[in-house]
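Across the two complexes that follow, chain A remains constant while its partner is chain B and subsequently chain C.
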Partner chain A sequence: MNALLAQPFLTALVFGAITAGIPLLLAGLGEQISEKAGVLNIGIEGMMLFGAYAGFVAAYYSGSFLVGFVVGGLGGALVAALVMLLCIRFGLNQIVIGIAVTLGFEGLTAILHHFQFSRTYPRLAAAPVVDIPGLAAIPVIGPGLFSHNAMVYLAVALVAVLAWAFRHTYFGLNLEAAGNKPAALDAAGIDVMKTRTIAVLCTGLLAGVGGAYMANVGAGIFVPFMTGGAGFIGIVLAMLARGRPLWVLLGALLFGVSLSMTTALQVAGVNIPTDVVQMLPFTMVMLVLVIFARHSVLPPALGLPYVRGDR
Partner chain B sequence: MNAITAPSPVVAVRNVTKRFPGVLANDRVSLAFHAGEVHVLLGENGAGKSTLIGILAGMQQPDEGEILIDGQAVRIGSPRQSLEFGIGTVFQHVLLVPSLSVIENLMLGGGWWGRLVKAPALARFRELSTLLGVAIDPDAIVGRLSLGEQQQVEIMRALWRGEKVLILDEPTSMLTPQGVRDLGEVIKRLRAKGVAVILITHKLLEAYEFGDRISVLRLGRVVGDIPPERLSAMGEAEATDAIIELMFGKEAARSGEAETLVDTAHRQRQVARDRAPRLTLRGVSTEAARGECPLREVSFELWPGEVLGIAGVDGNGQKHLAEVLAGQRGVSAGRIELNGGDITGAGVPARRQAGIRYVTDERLGEGTVGIFSVATNLVLKEIGRPPYWSRGWSDWDGIHGHARDQIGRNDIRTPSERTPVAKLSGGNIQKVLLAREINSEAQVVVFNKPTYGLDLQNTRLAHERIIASADHGIAIVVISTDLDELIKVSDRIGVMFQGRLAGIVENGPDIERRVGLLMTGVEAA
Partner chain C sequence: MSASADIDLTAAEQERQERRREILAAVLRVLIPVMAALVMGGIILLILGKNPLDYYGFVLRRGLLTWGGLQETLTRMAPLLLIGAGLIVAFRAGIWNLGTDGQFLIAAVLSAALAPALITVLPDALTIIICMVVSMLAAAIWSLIPAILKARYGINEIITSLMMSFLGVSFANVLVKLFFRDPATTVPQTMSLAVEDRLPRLFDTTIHLGLIIALVVIVLVHVMMTRTAFGLKLQVVGANPAAAVHAGLRVGWLTIATFAISAGLIGLGGAVEILGVWGVVRADWNPAFGLLVVPLVFLARFNGYATIGFTLFFSALMIGGDSAARRVGVPNDFVLVLVALLLIFLAVVEYLDHLRRKKAGA
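On to the complex of A and B.
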């Protein structure tokens, strides 16, 4: 078992946890914005996947990771715009549309990828890494924690920004009202549909960036269906976080650790059947749900279309 | 009251018609509202008052007719436009975000992207607190305030932007007598500042006391108008007669129905207290979350056929008392007995089985499931049990038959037994609740604000129902902030003060003074 305490294992574990956790963090934060505003965004998986695909293609042809993130984010937002059109403008059932969008974009990205690259899986160059001066030199955890792509630091900073914005800005106030008592927001003169539209677009943007990170930085390639439920884990994180971004971060790291455990254990050559190791993240989802599901608090108007004057 | 009538109206509606499926809510309504005038709109439930308010507040669009502001025809397409035109509205249904604080609710609508700057909002809050004479913690979470306090916040919100027109949709139904007087002061001040106040009410005395001009609506039409010069010349009795005549026709005014509608006489009934009490509470206490008022060692006995009124300013533990009696909330200490048997630990189904019924003040939500049909709501607490359910099958014919029977017997006005209960008016939802809760198996019925938001006719019906139930030997607890109501129906009145039962007094002459002393905590009985 000495291998578990060896530096390569720990560094790989920490580094992997963060790499795997960042897409979950972005998806969770995005979903949190939607849920606060009263939209249950089941389609987030489709937004992530489309963001991953669009981001990968953009980065592949432009050679720029920045372009990859921007296009990935826009791709996610585009899917969000579709969801918004169907759910918020036309008042269609949010869950049905969410499932349709997820299934639809799983298929669409697979087909697009097939037409473009046939059966080859081109690989991007390694993503640029920013070392935090000083901290990155700390033995063992330094390279794992402080030597990452710039998006990692941005995503973590976003946690603080959102936590502040939820409490101290009109944006946060309006989201809260749209999810808890849309009629009150309407009576105060703020358009509920506009509020929810902005929320869903934010979700799409973040989910798309998360997908692009997963493809371009995490994997370096795009593989159909590569998000593998990350969007749904994002929904779970948002539900358990009770509207607090910091909890999304903690949850994302927890899942990140269990996901990276899969690779890290294999690196360390531990003699556990691979099937068991690969089960770990999903076992973790179930465990967390069993333990914490009772504590999830959802806005009362979640999933309900708002109709003015309807009692 | 003397009216300062401006020559041209600030806001006017001309020939406004609004149809809903199956209902003509407003039928060519024409009204003019003047600056510095309190214009009272009177009418029974379903008279079209709320629809008219919805149109002025931008929540609904008229099918025909026009709205004039300062003489110009305008379209009020949204609540924001309504606010921009200077029309502020306090709705009957609470329109506050329960998870936000008071001050955050008041700041809602202030913009989109800015930072929340609390200082100016707090200054305005203090200004309005003084104006209204209320003491609310601006950082309290709204969902934890009592309904009465929430309504005070609502009034503040409507006044928040300094309106030209203030619409109050039955604003006094939740206030204490003192609160109503305070509101009256505020209305006077606003009127003096030239605000056009539109007051919707069904209380005749309130209409006379606050109003400069009274318009009466019936079945969607304006059926009468008492202009300021006529109203100010009338005495109270004369005005009441005139209004009753407009509301219910000449017959009602002559037949003495006027008296029964505004009657607040004391009840004189004999209750035999020499036998064993039906319900006994001994030292019942509860634990409360922050901002709630718990019960502190509440003890009383209630005999069959007796009505015990529970008075007190809102937020003094009434909600906990109701929930404890219904079995919805556990006690931290004390004992509850029904016919001598301990029921302290019994939950809602067990208490219902034992004959304890609870008619909540939250008719939609706690009392009924809005999207369920009237029929389903009438058997809501028996779901899954015989006779309407057996072996997992629903007997829909039986449920609908039962509903048709109850609808006929209780005069529930609904298009059909399949209509979702949320589509009904407050009075009719109350009738559904009463039909479900009061039946031959009831032993104890707990009413929480039984006539909140109801009109005159429905209020009288509810009071008659309470008294008739007591005459059938049911023991009744009526929790209300409306002292007149308690005096009318109760044999004894207990007063809640800071979670304690400050005392119980026999109903009779001089009751107002004795209750008033207990209410303010001056005297412990």
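On to the complex of A and C.
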């Protein structure tokens, strides 16, 4: 049992929690933007997977992690553009299209991987790490918290930026109106379609970057179906956070800890089925939902297409 | 006198024409998405450097036109039909039960754990019936949390049932690895049910009784939803929950009942697949049929009879696609892409149809 308190275990746990939490954070923030604007983005899993695949291929052939992130984000946004066209322009059922996008890109990325790499799983070099001066030298938690890829710090900074933007910019307020009372936004002379379009594209971008982070930095390889429900966890985080980015961050870290438990316990030599640990985050979500059931709030116009003149 | 008869005649003629046009429209609403998905899928195959005609031809031959393949296809229909029946109940009642995979696996594992143990003390038929009942109950219980959260607090069941599905898949694995593990095997799996103790085969085929059970169930479900007071109540809840409350329906209880029936039928699908085909659950086994059946049920517009037809089509695609992965070199994940295309084109056609009606109405 002593091994559990030893430094390598704790460092691995903290480091793993951040690494596992960042894709969830990005997905959760992305989903939050969509949900605020009244679009329930069930297809976010597909956006993450395509971002992961596109980002991985880009990083693999260019040798640059930056290119990987950019292409991953664009890949996610491309999927989002499809969702935008079908759900916002045509007003098709967001749940049906969401399921389609998730299934379709699960299949498509698996096939593309098969034709590109056959049965091999090439590995990227370790991602570059930025040490925060001073803080990274703190024993035990320092290496776990302050010695990460630059994307980690960017993602955390994004939490603050979004929290500010949601409250203090016209864009943030427009988003909120598009989800709460689209007709009012329309009456104020602002294009609901355009607001929602931008929101969904932002979601795709963030989900794609999250996927690319998962493949390139987290795993170093691309494996078909590798997101394994991360997008759905993002949806739950956004739902529980009730529009506040900071809560998405806290939730993502909580999930990150329980996900990294598996690897950390193996480092410590404890042997329990990984499934037990994989159940932890979902159990936690369900518990939170049961306990705080009355407090989860979604925008009234969530999931409904906006048609001018319709009641 | 004769003039009014003429008018009656033309009115009847017009009505007949109108009905013919409606039927044609209904057929087109189904045919167009299927054809469009196949064509689009073919284009993707072309881009990947495969001949789509080879692929589709192989899938068709292997899935439907060989005796062995046809038997496999019909056998695969059993779990899909039961999942479809469960989804029809839920969707008609306006409930998004997306927890199918968890419900299916929990039920499957319990059947696999119970059957080999019970068979030693009970007669065959009784063992199988008990397994089915326990599996259905377990799946129904697994759906209770999303059901109650929806009924009491109006929490979106899409998210909660999906979460319970992920949980269920992991929990099923835990059950296999920690509790029901057969000590005699190196790879974790449950004890296995001997072939002669499984669901009886139909005549001289490899198709098991589960197909008959599934066909009967989906017809019963269709009749229940369209012809009984209970089914109509559920449909009212689905069409307009607020109106249902005003009409004095106990929406909360109906929601929970919907979830329980839906999950129970999906659980029966899991039981049938184990008792009929596998006889055992290996760790990490998850056929993930759930989301694949969703488009079939939509294509069928929640009609049980039409679901049977689409399930046959889709089973053939799955069975043929499996072989095509080995023989033509297209991974069977391609089936996922086809399903997605089908869903998208279905929604698009539905939308165009809606526009057409609106224009006709105006």
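Convention: the second predicted complex is superposed on the first by the 295 of 311 C-alpha atoms of A that agree within 3 Å, B and C clash if a C-alpha of one lies under 4 Å from a C-alpha of the other, contacts with A are read in each partner's own complex, and residues count from 1 in each chain.
By definition in this document, contacts are C-beta pairs under 8 Å (C-beta built on N, C-alpha and C of every residue); 3 or more make two chains touch, one makes a residue touch a chain.
Being a predicted model, the structure only gives us computed values, none of them experimental.
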With chain A superposed, do chain B and chain C clash or fit? clash
Of chain B and chain C, the partner touching more residues of chain A is C
What is the contact status of A:N174 with respect to chain B (first) and chain C (second): first, second, both, or neither? first
Superposing on chain A puts chain C and chain B in one frame; which of 134-142, 242-250, 260-268 or 350-358 is the clashing stretch? 242-250
Using the superposition on A, tell me which residues of chain A are in contact with chain B and, in the other complex, with chain C. none
Write out the stretch or stretches of chain A touching chain C in their complex. 40, 42, 86, 90-93, 95-97, 99-108, 110-111, 114-115, 224, 229, 232, 235-236, 239, 273, 275-276, 278-279, 282-283, 285-286, 289-290, 293-294, 296, 298
Applying the document's contact rule, which stretches of chain C touch chain A when the two form their complex? 44, 48-49, 96, 98, 145, 149, 152-153, 155-156, 158-160, 162-164, 166-167, 170-171, 173-174, 177-178, 291-292, 294-295, 298, 330-331, 333-341, 343-344, 346-348, 350-351
Chain B - residues contacting chain A, complex: 54, 57, 59-60, 78-80, 83-84, 89, 91, 93, 95-100, 104-105, 107-116, 157, 364, 370, 422-423
Chain B-touching residues of chain A, taken from the complex the two chains share: 168-171, 173-174, 176-177, 180-181, 183-191, 299, 308-309, 311
